[in-house]
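Here the structure comes first, spelled out in structure tokens, and everything after it is commentary.
Labels run A, B, C and D following the written order; every chain starts at residue 1.
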Amino acid sequence: MKILYFAWLRTKIGAGSEEVTPPAEIEDVGGLIDWLKGRGGGYAEALDDLSLVRVAVNQEHVGLDHPVKAGDEVALFPPVTGG
Amino acid sequence: MKILYFAWLRTKIGAGSEEVTPPAEIEDVGGLIDWLKGRGGGYAEALDDLSLVRVAVNQEHVGLDHPVKAGDEVALFPPVTGG
Amino acid sequence: MIRVQEEDFDVGAEIAALVRGNHEIGGVVTFVGLVREVTGGAPIAAITLEHYPGMTERGLAKIEAEAHQRWPLSASLIVHRCGRLEPGERIVLVITASAHRRAAFEACEFLVDWLKTKAPFWKLEETGEGGRWVEARHADAAAAERWTKG
Amino acid sequence: MIRVQEEDFDVGAEIAALVRGNHEIGGVVTFVGLVREVTGGAPIAAITLEHYPGMTERGLAKIEAEAHQRWPLSASLIVHRCGRLEPGERIVLVITASAHRRAAFEACEFLVDWLKTKAPFWKLEETGEGGRWVEARHADAAAAERWTKG
């Protein structure tokens, strides 16, 4: 599974993208985020307030209950600010 | 006095401009137009329906009662059609 | 700024010249009018725009000044072509620049509505059947009326 | 048509390419957005626009398609720049072309309102005090709301 980070999520986490293999019991976006937060450091800081975080799975906006699976492209980013 | 004609007034009268010296008793636009109509031909035809004729004296829109005098630039033209 | 000319204009160069060095401008709205081939009746081969040099420029400058009174514009430009123009050719350019895009949009549309109805031009349309002087259009006049103060 | 690119664009060339050969088009409305030096706080030295390649283009194409559904447009173009831009630089281009100028104006403003608030970009402002990620603006969101169907 590929995860992309944008804007201040990218700078706090310190990476624009990474390949991850979450444990099998991670089935949705919410579970994935909890698992990432568990890494602490920049992850915990960036994902502390989920009201500031938007999620896309395979380039479609989704909610925290949206399923995720191996091979998905998951993107985490702040609300867009326009052009 | 210089008179300018535009659009179909120009084509009916057959001239874009001319220098005229109307008689002294011509004191306003209406009088000038009547004097021009008196020439007959294209003048009479072009100036037959004054609801289709607009007038400017010295590049300001005016009515038929506006005074005219030697040295004025008088323009006769149809309502503008925009760009 | 106002220009009436036979020559074509370069839209990109005009915009660049108008906003150069002004870093308060956030939005530039541009209208380019093109000669249409069909405006109701038979296809036209060309139009010829006649105008009253001097008076035309004064009319354009006056409406431009009114736009600056009504909206907070940083800069504006009206270029209107005259003479013979064929379908597809550029006929008019209006540029409005402002810190605020809404002002630029409204002022540009205001100027274009005025130009389309009240700009001091007379239009001759050439079709296969010869030339015909266009009469003032009521629909366009209604568009310009939108901007009349109540 | 949609493009997201780092390079600048040539407004005149884009308009000419978009309308070429279409003699039904009467009006072309163009919006050029420039980077402003002052947007509220301290003067900015530059902004950097980050985006999500692929998803951004899909978002722009979707709103462009909506504009074509709502207005009778002959052609349209959105070019949005990304990367680092300094005050005075062009940042976005929107062109709408229609037989009818009112449709071109409305569709252009609709697209610009959307882009300014909902385009999938994140903006980093550089000032003398360093870089700061801009938060979504409420005034702009209200402008975009104007276009929501009741």
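As a convention for this text, a residue touches a chain if its C-beta (ideal position, glycine included) is under 8 Å from a C-beta of that chain, and two chains touch if they have at least 3 such contacts.
Bear in mind the structure is a predicted one, so any value in this text is a computation, not a measurement.
Participant: Moving only between chains that touch, what is the shortest number of steps from chain B to chain D?
Facilitator: 2
Participant: Trace the shortest sequence of touching chains from chain A to chain D and report its length in steps.
Facilitator: Contact-graph shortest path, chain A to chain D, evaluates to 1.
Participant: Can you give the whole-Å distance between the Cα centres of chain A and chain B?
Facilitator: 78
Participant: Would you mind pulling out the distance in Å between where the CA atoms of chain C average out and where those of chain D do?
Facilitator: Whole-Å distance between the two chain centres: 23.
Participant: Determine the centre-to-centre distance between chain B and chain C, using the mean Cα coordinates as centres, and give it in whole Å.
Facilitator: 27
Participant: Between chain A and chain C, what is the gap in Å from one C-alpha centre to the other?
Facilitator: Averaging C-alpha atoms per chain gives centres 51 Å apart.
Participant: When you check chain C against every other chain, which residues touch at least two of them?
Facilitator: Expected reply: 33, 116.
Participant: Judged by the touch rule stated earlier, which pairs of chains are there in contact?
Facilitator: In this structure, the chains touch in these pairs: A-D, B-C, C-D.
Participant: Can you list the residues on chain A that touch chain D in the complex?
Facilitator: Counting only chain A, the residues touching chain D are 4, 6-8, 10, 56, 59, 75, 77-83.
Participant: What residues on chain D touch chain A, complex-wise?
Facilitator: Result: residues 33, 49-52, 54-55, 58, 80, 91-92, 115-124, 133-137, 140 of chain D touch chain A.
Participant: Under the touch definition given earlier, write down the residues of chain C that touch chain D in their complex.
Facilitator: Residue positions touching the partner: 10-13, 15, 19, 21-38, 87-88, 99, 101-102, 104-105, 108-109, 112, 116, 143.
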